[in-house]
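To keep things clear, I will list the structure first and then write my remarks on it.
By letter and in written order, the chains are A, B, C and D; residue numbering begins at 1 in each of them.
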Amino acid sequence: MRRRDRFLQTDTFITPLLLDEEKVFKDPVHRYVHVRYKVIWDLINSMEFQRLRRIRQLGTTHYTFHGAEHSRLNHSLGVYEVMRRMVSKLDLSEEEILLCLCSALLHDIGHGPFSHSFEKVFKTDHEQWTQRMIEGDTEVNEILRGISDDFPKKVSEVIGKTHPNQMIVSLITSQFDADRMDYLLRDAYYTGVNYGTFDMERILRLLRIVDDQVVIKHSGMHAIEDYLVSRYQMYWQVYFHPVTRSAEVILRKIFQRAKHLYQQQYAFLTDPVPMIPFFEEREVSIDQYLAFDESTLLYYIQQWCQEEDPIFADLCQRFLHRRLFKYVEFDPQQDYRTWTELQNLFREHGLDPDYYLEVDSPSDLPYDFYRIGQEEGEMMPILLEMPDGSLQELSTQSIIVKSITGKRRFDHKLYYPDDLISDEIRSRLGGK
Amino acid sequence: MRRRDRFLQTDTFITPLLLDEEKVFKDPVHRYVHVRYKVIWDLINSMEFQRLRRIRQLGTTHYTFHGAEHSRLNHSLGVYEVMRRMVSKLDLSEEEILLCLCSALLHDIGHGPFSHSFEKVFKTDHEQWTQRMIEGDTEVNEILRGISDDFPKKVSEVIGKTHPNQMIVSLITSQFDADRMDYLLRDAYYTGVNYGTFDMERILRLLRIVDDQVVIKHSGMHAIEDYLVSRYQMYWQVYFHPVTRSAEVILRKIFQRAKHLYQQQYAFLTDPVPMIPFFEEREVSIDQYLAFDESTLLYYIQQWCQEEDPIFADLCQRFLHRRLFKYVEFDPQQDYRTWTELQNLFREHGLDPDYYLEVDSPSDLPYDFYRIGQEEGEMMPILLEMPDGSLQELSTQSIIVKSITGKRRFDHKLYYPDDLISDEIRSRLGGK
Amino acid sequence: MRRRDRFLQTDTFITPLLLDEEKVFKDPVHRYVHVRYKVIWDLINSMEFQRLRRIRQLGTTHYTFHGAEHSRLNHSLGVYEVMRRMVSKLDLSEEEILLCLCSALLHDIGHGPFSHSFEKVFKTDHEQWTQRMIEGDTEVNEILRGISDDFPKKVSEVIGKTHPNQMIVSLITSQFDADRMDYLLRDAYYTGVNYGTFDMERILRLLRIVDDQVVIKHSGMHAIEDYLVSRYQMYWQVYFHPVTRSAEVILRKIFQRAKHLYQQQYAFLTDPVPMIPFFEEREVSIDQYLAFDESTLLYYIQQWCQEEDPIFADLCQRFLHRRLFKYVEFDPQQDYRTWTELQNLFREHGLDPDYYLEVDSPSDLPYDFYRIGQEEGEMMPILLEMPDGSLQELSTQSIIVKSITGKRRFDHKLYYPDDLISDEIRSRLGGK
Amino acid sequence: MRRRDRFLQTDTFITPLLLDEEKVFKDPVHRYVHVRYKVIWDLINSMEFQRLRRIRQLGTTHYTFHGAEHSRLNHSLGVYEVMRRMVSKLDLSEEEILLCLCSALLHDIGHGPFSHSFEKVFKTDHEQWTQRMIEGDTEVNEILRGISDDFPKKVSEVIGKTHPNQMIVSLITSQFDADRMDYLLRDAYYTGVNYGTFDMERILRLLRIVDDQVVIKHSGMHAIEDYLVSRYQMYWQVYFHPVTRSAEVILRKIFQRAKHLYQQQYAFLTDPVPMIPFFEEREVSIDQYLAFDESTLLYYIQQWCQEEDPIFADLCQRFLHRRLFKYVEFDPQQDYRTWTELQNLFREHGLDPDYYLEVDSPSDLPYDFYRIGQEEGEMMPILLEMPDGSLQELSTQSIIVKSITGKRRFDHKLYYPDDLISDEIRSRLGGK
């Protein structure tokens, strides 16, 4: 009997792990999210998971695409559902299934607000935090231990990509994992753009496990092409949009200024209590980390609009009221002299270039187009199972994929407050 | 020459009011939101409008439908776009068009966080606040005055339904106004339910103005039926969902307890600073009101989870971590004795029934199905323009609409914390 | 072990019935149609099933809604897929599953071109033909006999509603059977109207078998309401559209004239060979019936445009080139005198009222709104399984359903050729 | 005053050309098709246009994708609607607008059934027939002459690409013309595949006329990329699908055999009357051409299933009952020896290789990916209007487009009747 069939039997050892009745959530992307396991239901109801309601999936993207206000909880339920459909196609043991489902549900649990900006300034890492929350003293940990004592550790290893079963790792972190498939579809749905759509059902149907690797049947090549082009388009049209990046730049400057003021022992009207551990780069407790969600940060930014430090107050107001920096194409490495001149010009005009002049490049942002030969493990090649049974790397078969493979594309932009600069500076910028 | 044609001329007096180039926002519901007027662009960029990003359209609904996390800004842009399409079908002067567009965009600007619960406890009124913000010392007011000195007053009157041009009033507040059409479509899109869909394009095409009233051509009757059935379904399936109401109940109890503690001079670990003016029922300034957005409230609720008052802390934790009250069908008016007994039982078991036992009925919630003979002005009948030119009230023509007309439907539920009650109480509740 | 689980086992007796590999068809309505059983694959490839490509699902509806050109094969695959999803939720034996699937796939196999008009004139019955094809000397019969000798008989009985297992009968013919669910969704998709959408997935999930009846859980009431309102709207907006009916009227007149001419021994330029058995009301063989598909009929209509009989040629040209009759509201039973006068007027002007003046009422058309107390077996009530386990008839629970229950709605229209009539007749008609 | 504004004035010379009231058609792809001009309404109701209902847009594609049964009339209305939206964005005179609209509506009017196969065998050309119908003695011609005597000629020139206003020509025939945009969206909708979707609204908004060329603003580059990738995917996934091509191969063989038998003076049971002019390669009259629609052809193929010639009857049965040829990858130019051997083997086994062995390559099919340097005029480059005002060819800016530019991709397949061949032949084929 295949292992999957056992999974459906109600008279075996599995029963105790199942809910009395399946629960469903209405989901705009996958229509319904189905929950049969009690452990999944309990994880969803844990305080650490519920906290993800207060952290938006796409950070500042809603400043550009007003529809994109969905939270990480929203996305995490989606990843779980994609994984549920994936594992139903594969021949896995029940423990493996649970491992896949829990890892999918919890893979983002360590995210903080506006992670990309925050992590850049404070050198934190959401993946480490995810692992800490799963292995530490949390509700999530307690629920996972209900499966077995070492289950939290296993989940953490899958998310950390160190679990010995690399096939399972690849379901959650690889070129077409449950995470990516959900976020492309979901972010496309919420922003309203066309770019992120592809035929997930077809991809899932054509997945195969060969030599402990997830590969895709040759007849699915065009569906995968479509998926990769979607990803490419979403990165350039949505994730790297300069208006979004402008808001991120301002946010980073707020963090930088707050830290600077704190170090200068500036007398805050509203002390940055929840951020102090991050400023001091000392150990942050799980409770401290959990408390620092997006509402907390927004509350502080709102308070700080009244601070006396003009740079700090100005940056906070800009972020809150969406008075973003403008931008021009500019690569300081190409034109270092202009870069130096601009910094001087800013200083002469009383604008601190450390806060009001910033170069941002999407290559700094999480960039994961399909490319081979990256150091990171997750850049594994996509393999096609050919009619003759051999495995071929995708870009050798697809001219479209080949065209977007291994090409790092840069988009250097210079961000600055157009409302504060003089005509002289403006013409200097325009002269780029 | 029709007035609309003048509107399109670029060489007339209108030009100064237009942007150099049309701006568009990608919108998942209406595909694109188009902005041609500078005043609209400026209003969107005002701090009062941007603040609506920090207030969710559907309050606690995302506890039931995780997809429904969209903000009031998101909806307000949608209402503006529906209105823009409406006025393009009607023959209005440019000033009337601007009045319609600005009123549509700003109609929700006075909303605070979780308005329904908040207003119930503190007797505030978001519509009055909308008018105050438009007429008071705000960025929005300044921008509107750019059109003419009395323009803010006019916009305020349209939203307050006192403007002499009742036809314009009806475009923003009536049985099929821009507001309702947008929210049904938008809330259906974000929750993912099927219920809220109807053919808006057809309705807009068949609108006519007869005797200063907006009526609809007879051939649009089925489209309007569909719209009204959608509304009916959305109310019962989404807006009145008991899980959502359970979260609202808890929120009201938090407000009630906070006010009570404040009046008892309880020593808060975190003083409820932004709420004190509301507790004291004294004049709240516009700045104070603006500062009280959803992140501020969520920040405080999170802080209050650590308060020593056990009821207060418990309620806050319940709200934050979605540990909601359970519910049973119960109407105290039908069974007053049980109601009294339950309250006593709760007290005997050390549970204050003022905080842990609550009856909620959707008729308390904004209830605006189609029905005639309501006191409120917005319950105007929907009129069909018949083939012979006469006007007929809709429910005389449609058996479906007749079936949902004028029928107040109640759904009384009793909410309580299932995790805290004894088996005795539970069986008493179950015995209902 | 539940019977469904056995169904998934690959090492039991079932295997021989399965294909080596699942086949899928891309379907715009259900996304994919999945085929695992060899018998289904073979039935799809039979000549009787393939013939359904040459018969449009909605007859003349594409004259009104140009998108609705889909065939009965298209719909039949959809019904099969809905049934496949239905049976996967129910606990049935493999033979019962096969019976359900085959009946769903074949339920329309006896349809001819423009059945409604054809059957009205020639007193044929597509359901009897379906049974004859299943039980007669056909490829379909041979394939079904591969399951067992009496299997064709059983399939025929399910479709004929005489099979002893009335629960299975109800899956294919009842208030919410696989047939209706598919055609509402499909016809809405192809016409492009909003009306036919409802949440089929939810309905399927909430189906239960109680006392050999298919009932629906109480929590699905609103989904069923939505489905019934969709059906109501589709009937009045799409299926009974007067332009469509006008084309049907002309078609019936063509059939009537052809038969009349044949009986008069008119010398056809193109003899109506395939229709002669129908004219003579003698036994039609299966082969003769199969040969009479929509292309055959359209070929003859095109030829007959050149016939000398002016009425016949005119009607054929009208049908082919969509020069349809106009219509006015008119009920001869209400105003018999006008009816007689009009017929005389037509005669006086040289227009034969038997061919150029026709009253049509949708109550003549297949009318199956939800209503109790019909003689026909398929008008069984929809039952809700209430929280207390009792069964309640739907219209006692839903005010919307109650409003459309048991009400026969008439829409009498008089059809006539506007291009041929005099102003006098026109004003007489307009005076209605 | 801009010319477009004049277009909207109701008190000028335009009025006579307008309908009393706008007509709309419900369309599943563009939601509504709007008709304001009387000439358009009349053209739609002409017999030549109505005939397009009896010719499927995608020929044999519905054998692979059962949803794709839509007619050329369906598509033609869509092209008209896309053009209507295009011209509303451009600054054209009323005559130019009418020229664009009529050309869009009529551009396919000369198509016959299964054009690709038919034209290949009989050397006809649907574009010449379109021009002949527009300029000849037809209803369409008469309606167009209502605008002006030389208007039919102008429309014909636009469709024939010889009209002096090449900008107008390019709206109907170029890299992103109204025709292609509609068919990609429509064919994707009807087949149900994801591939053909792109943001047409965005493309239309960013079209500009520069130097009498239609170009697109640089900010629309990604939308165009998306459109070109969609086209690429539709070709390989839908238009060139081997099952579809197999049916086309059989159809060509039917035509070939019928002609051969006719030339051999074979005694047909059913004479191929409507095809004789094509067999004899003599002048075909417009009436003869019009009479030869898809129902006529299908009627004959059905009749011919009873012919005595075994090859002819077999091919007709295969086509009608979808008993298609199987296929293997094979390029005779690569392996001419095998090709010769196979032909001999077929002959030895009594299978005429002229009818039962065929190589088909999609490069034989209409192939119009984006590529520069083709001889045909319609392969004009797509130009982007850059921020600095210069025009740049698209593939110099887009790596994805570059990857699919100028690359002719071949897919040679060998088609054969698997049910008729011996194991020996099969293994020989499998050995490829």
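FYI, a contact is a pair of C-beta atoms (placed from the backbone, for glycine too) under 8 Å apart; a residue touches a chain by one contact, two chains touch by 3 or more.
Everything numeric in this text was worked out from a predicted model, so none of it was measured.
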Worksheet entry | Each chain counted as touching chain A and chain D at once | B, C
Worksheet item: How far is the middle of chain A from the middle of chain C, if each middle is the mean of its Cα atoms, in Å?
Response: 50
Worksheet item: Rounded to the nearest whole Å, what is the centre-to-centre distance of chain B and chain C, using the mean of the C-alpha atoms as each centre?
Response: 44
Discussion item. Please tell me the distance, in whole Å, between the geometric centres of chain C and chain D computed from their C-alpha atoms.
Written reply: 32
Worksheet item: If you look at chain D, which of its residues touch at least two other chains?
Response: 31, 193
Item to complete: Would you identify the shape of the chain contact graph, picking one of line, ring, star, complete or other?
Response: complete
Worksheet item: Which chain C residues qualify as touching chain A in the complex?
Response: 1-2, 4-5, 8-11, 24, 31-32, 201, 205
Discussion item. Help me check something: in the complex, which residues belonging to chain B touch chain C?
Written reply: 193-195, 197-199, 222, 225-226, 229, 232-233, 236-237, 399-400, 402-404, 407, 409
Worksheet item: Which chain D residues qualify as touching chain C in the complex?
Response: 25-29, 31, 45-47, 50, 53-54, 62, 65-67, 69-71, 73-74, 77, 189-193, 291, 293-296, 298-299, 302, 320-323
